[in-house]
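Look at the two complexes coming up: chain A is in both, with chain B in one and chain C in the other.
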Partner chain A sequence: MNKFTSAVKKGFRPFAVFTHFCNKKPGFRSLIAGIISVIIGLLCGTVVMLILSPSHAGVGLWTLISTGFSTPELFGRAVYQAIPMILSGLAIAFAFKLNLFNIGVTGQVTIGAFASICCGLSGANWFVCMIVGGLCGAVAGFIPGFLKAKFNVNEVLSGIMVNWVLYYIIGIIGRIGIPSSFKDRATPSELMMIPEAARMPSLGIPGMTGVSVGLIIALIIVVIISIVLNRTTFGFELKMTGRNKFASTYSGVNQTKSIILALTISGALAGICGYMLYAEPGTPTKFVWDSSSNTLLADGFNGISVSLIAQNSPIGCIFSSLLLTLISAAQNSLKTVSNGAYNIHYTELIKNIVIYVAALSSFFVMLLTRLNEKHDGIPYFNRGKEVALKKEE
Partner chain B sequence: MSASSFGSFVKYLIMYIIGFTLGSYGGLFSESAGIINIALEGSMVFGAFAGIIFLQGMNTWVAGSWLVTTIGGLLIVYLLASIIAIIAGLLFSYLLSFVSIKLKADQTVVGTALNSLAVAICTIFNTAITGIDSTEVANNIFSQVLRIDTGITFIDYAFSGLNISVLIGVIALVCLWLVMNKTRYGLRLRACGENPAAADSVGINVYRMRYSGTAIGSAAAALAGFVIFSCMPIGTWQISALGYGFLVLAIEIFGNWKATNIIFCSLFFAFFFAFAPTFTAQISIHPEWGLNNSLFGQRAFYYLLPYFLALLSLVIFSKKSRAPKAEGIPYDKSTR
Partner chain C sequence: MKYENVIELKHISKSFPGIKANDDISLTLRKGEIHALLGENGAGKSTLMSILFGLYEPDEGEIYVNGKKSEIRNPNDATRLGIGMVHQHFKLVECYTALQNIILGAEPCNKLGFLQPKKVRQTLEDLCKKFNFRVNLDEKIEDMPVGEQQKVEILKMLYRENDILIFDEPTAVLTPQEIDELMESMRVLTKEGKSILFISHKLNEIMAVSDRVTILQRGKCLGTLETKKTNPQELSRLMVGRDVELVLQKEECKPGKPILTIKNLNVYNSEKKKEVVHNVSFNVRTGEIVCIAGIEGNGQTDLVYALTGLEKVKSGEIVLHNVNAEKYIKNNRLDKKNNAFQKVWEKITFGLGIAWYDFLFGCSFIWYYFKKFFKVLFNKIGNLFRKGKKELQMEEFQKYVPYKEVKNQPLVGDVHLERLSIRERNVRGVSHIPEDRHKHGLVLDFNLRDNLVLDTYFDPRFQKFGFLKNKDKEKYANELISKYDIRSGKGAQSIVRSMSGGNQQKAIVARELDRETPLLIAVQPTRGLDVGAIEAIHRHILRSRDSGNAVLLVSLELEEVLNLADRILVMYNGEIVGQFNPKETSPNELGLYMSGAKRDDVNAIL
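Showing the complex of A and B:
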């Protein structure tokens, strides 16, 4: 007799049903954990607001939540800023299914962006640029995957190394490898803006000109990835390898192939993200290739946050990236309503608290099930199993 | 190469080798105890920020007194600042250790979140303390006092701007090396990372060892951050660890989790990191070398080399790599 039927037999218990779903349906569990972390993050943010300036805390919290929806322009901006983040989050989430932490996403985004912008500047159309960006990202993702599969080099370490190698290679190419017509005349450390023909076509929604065909592409990719993960043999093999390496080897999964493919696909997604970052239809950002500042692009690391809040679910990445950009949208109005008490970095703090709390989601799930255990008298057997599995690895 | 540029090369070298080795020891201590510390970058930012903001505070509170106008006074001030950096690192470590030991969260994930959280917290504090809405902190406020003027160009360039935190870093390094290799505590720490159940069975408190390992590691990284960013000859410090936190993680793995190997690995990286800025500065004032537009004249090339070589050596020596076995796995007493 499973937990659900036993719960129903004892009469309707909403809490028991709820925790049952938490146990049995990973999707539901991720959703609940995500929502809890967002709420706790906002609460912590309110506490910080109360400390900084108690009188503005109420209006500050309201501004934080509502600004993103207040005008079509702001909402549209939040949506188009979220598009590349969906893809970088998806890249991280996909590799996480295999228990691989693709920290190399940053480098893959950077090389994808650089290659696709150069491609666009030499006259290619937007689709070609996107494919080129994706291919370059895939190559960059292949390296850590190959090293992991063939030489058992830790993918976090090789990812970090490859990030910097790519970053400095771009620095060298930018200085001596590309024609000077590609570089900005006023500030030569920047590339020119990607030309009109190579930008993603706008969908033409009134008030939201930034929302481009990229949104549709990103959504299609999300759907494809979730189908691959949940409905194909390849996806099953990936997830099995992530759960238990030895069991999957025993049942005939080719480890080398799954590791290399997972990281290559992840890299391709990151490369496309790189293209989309610099190819929005309105006024795209300029790409700074100069390596004197010694800082990697932050966009790859944003992907880690997106995937964290989404609990590595592909569909969840859409909502979590939208959440992050909606919080960012409040940046300026938060400063205005509070007379400068909460500065523009304040939204960063809120976002990071949400991310930190999201990392504790497994704890919330454990807490919920423990409560259920007391409530129902049924031991939470899954937990022991999970720990035992981890130990075997 | 002239005496002045050789001097500044030596200065960079001192700064980086102390900073990198300390940071890697930070990683070593937490990973030996079984906690993956991706948050080293965050610890560095936090420590450096706490120390540097304390220096700024001293500059306004006791402006003009002997404490901030003489080298002797500054010894005390920088000593205090280093201690504050270390304390900041200790406090910061609990954000990681509590959730990964008690709440059994995924350590890699928490560490990544902490890296960006550290920057956000420091930025908010910076505005709250200084009242200026900025992500920059001045780190050269005492550079006039710390200037050394002996008349010998090499010494002037090599030791101007270095402060007492470098010395504290050296002392800390020696202590950490001894603790790791020569004491009972170090042995127990490594036991907790290799086989926590076995360590527990002979009466070692695994949870406590993990807390202390992470705390020491984080404090070391915080001091490393303070050493690097308080000595770095830049006018303002953007609140960020410039990826050095990930670099020291790489050095630590490159050094195969052995305290002595790590010293040589950080020497290797520190050499290139010191060489790149000083050598490329020479290239731009010596156009007759003809290196300006070639591959070997690019600063990025010399930054790239150590990463590339480290990656190659990782591939070559991958068979010998030995991570602590229980690294990253939360210890659960009930599964013993």
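Showing the complex of A and C:
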């Protein structure tokens, strides 16, 4: 037995209370693991900064942590950037409960965005646009789901294929299917900005105009999804099928239905994410319909890292997407703070190292679990009482 | 000193969250002896052995190996000290051959690091000859029967020159013949100077093979006895803490009307690519336990799969009589409320329903003939290329019962099961204790509460409008836990993976028996359980029988078959070859039928 263990045995109470709490609530354990991994991620980022330019590392670390919170504008920016990320992360996490990796999120985001913008340009209000985006995403998610359930086609494979198919279909529709009034006059390869009425209404928090109704909708969706997963028979079936396929067959779960529904819902979430990406209240970005650049949207893939950091927990997706946007917010000021010692490549590198290490949080969960199991035979803060009881006997 | 102690465990304690698995246990293992470790499920036997093998670290206590104090931190330490372990669930790579599995982790390499499996082949063959093992070294593990897989595990230890062998419930997965073989090899091993620690709760095996026996009860050591100076009664009393009836007292069986009738059932197994059940017909009546005996792999598994819906029926009928599942009729709740709105709504839906069914009816006809047309067409085309060869028989297709007739079976009355889904069968009153508890029976990452409602969670008791009533589930789980004595660390909240094998099995049995369905299909319900638990489960099954339910039991253990059954059917090579009354038959007679040496005319029996 090493020094650490014996120190614990003697009764290091805060630690004992902590392990006891961890054992009682696995959610708390994951949260702690997440925080630890983010801290270690930041430290790794600092090490990189130390190697690049030692004199600026301290300031750099502080910038990484604090920039996102420094002004309401920056914080608001981080929040509204996080909104669509929450949804794309949720889409991945939801499908992952069934052990399905919905790589088709990108295609679903793209088609959702395209459809909702077209809808908005033809005069619908914001809610209708969002629903249309969701529906289109759902249809795009249904295809790999159907193929997986009926013909056992690998969902990763068909997801990637559907991504590209949708991408080029949008290119074709953009060329022949939409009126030229939808296209931007200066650069016809882009769609017009979504009109005022079809943008998400701002919540009107002073200093944070970017924060819109989308935040509330995203939070509501997160809550609904976690209720569906934890409290309904459908969620029970999903989790059962994900954990043990044979047992769910044995208990009579309709797996075809579960798989199709899971991927369809996941697609719908991605579709809504697509709408939100292009409908912020201030100046929304323009959607490029032209498929000549041969690159898929990166926003869909961001969902993967969001869901990884959150360990596929719906509530965790909120925090992990905030983490990502807060760190990206620090990227620009990192350059100015260091007088250009960390140029754009280095800041990208630092940001990605932080995210990469943060995604290892499941490793820390495992570590904590092992540590907790070792030390929580009897809750240590009750040990004193036990000894006292024995003496009385 | 006459005996040399190879292992001494002194005052070992180990606790897990909520449970003290080992409490001050001391044990010695002498050179060349077979030392049995006896105890109930969850008494801490496996934990103690895992400590010895380095999978867990003890909280307190010391381990002496060959007289030297040793710290065993991980399995590598254990291997270095010459300790080897055969786990209950084998740790073998399924898609590797026996040889590859044996050398895995201790690969013979040349100087450049290339594998040299030929070098060890001779050593292994010598070992096989010495201990009389019949193992094909080039066969893949997945193609081997379980007994042979175990031999591979033992060879693995011998190849690593381990002198102390730990067997964790080695007989739980074996057939009677394989058990005899294992006992024989254990004796040979000890003659060669190996020492064996052997976990079991089968008293007859312990009496037959061991030299000394140590008894554990709820984590505490009750002492070590010389096997020769004790008897099964005493051991079972020490282990369970009370007197156990080794032979079951049961009331006279009063069979009533049939509940399950099977006619000319054929099952085709697509993995083995052959027909595994031929023309099986029998029935099971109320208040009766029908037992299917047979050596493993003679079609019992497939028969049960066909009955429960895990596998498709090729042809034949399965009829469940007098079904009453009214509570699952969807608008049952609405029927009771007879208000005006309801009536209007019913009229509308009725009209729509008729239209819809007309539509469906039309469609089903079109679909039926469409399919038939294509089948005939493809068959004709196929036959064009088969000139001179045997033509495909159209009867193959006609054997299938037309889909339309058997779908939409009623929830009340006599029901044809053969085309229903698993859920539809479940709901109509079939419960199933599966053979493989880790594969079909449990979701290991779920907690006990969720596993206890694994196939009843959609019941109105546990959900309302699709929302689970977690509190009711918890309450129900706690009821079952106390009723069936399921032991675990944190009660209903404990994760099933952390529970001992016997308690996992108890959880499945509790879940299925408590549904109180008219038909219970139990496959090896007492596999891996201790005497006390076996007794309890047998009692529960008998109680279910006495209350008028029918039980179909599939078991490999003749003792259980003779003990429990009211009627025995012997299955050999996919067919039923004999029917017996347990009071008028003997294990020897059954053995003859089971091995195919004798058979009766099936049609004459039934």
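The rule is short, and it goes like this: the second predicted complex is superposed on the first by the 322 of 393 C-alpha atoms of A that agree within 3 Å, B and C clash if a C-alpha of one lies under 4 Å from a C-alpha of the other, contacts with A are read in each partner's own complex, and residues count from 1 in each chain.
Just so we're on the same page, a residue touches a chain if its C-beta (ideal position, glycine included) is under 8 Å from a C-beta of that chain, and two chains touch if they have at least 3 such contacts.
Keep in mind that what you see is a predicted model, and the values were worked out from it rather than measured.
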First, second, both or neither for A:305, with chain B first and chain C second: first
Touched partner set for A:169, first chain B, second chain C, both or neither: first
Contacts of A:206 with chain B and chain C, given as first, second, both or neither: neither
Which of chain B and chain C A:233 touches, first, second, both or neither: second
Which superposed partner A:243 touches (first chain B, second chain C, both, neither): second
First, second, both or neither for A:251, with chain B first and chain C second: second
Greater residue coverage of chain A in the superposed arrangement, chain B or chain C: B
First (chain B), second (chain C), both or neither touched by A:179: neither
Residues of chain B that touch chain A when the two form their complex: 38, 95, 99, 103-106, 108-110, 112-117, 119-121, 123-124, 127-128, 133, 135, 240, 242-243, 246-247, 249-250, 253-254, 293-295, 298-301, 303-304, 307-308, 310-311, 314-315, 318, 321, 323, 329, 332, 334-335
In the complex, chain C residues that touch chain A: 15-17, 20, 57, 59, 308-310, 421-426, 432, 434, 439-446, 450, 454-455, 457-458, 463, 466-468, 470
For the chain A and chain C complex, residues of the former touching the latter: 23, 231-234, 236, 239-240, 243-244, 246-254, 373-374, 376-378
Contacting residues of chain A [partner chain B, same complex]: 48, 52, 101, 103, 147, 151-154, 156-158, 160-162, 164-165, 168-169, 171-172, 175-176, 291-292, 294-296, 301, 304-305, 308, 340, 343-346, 348-349, 351-353, 355-356, 358-360, 362-363, 366, 384, 387-388, 390-391, 393
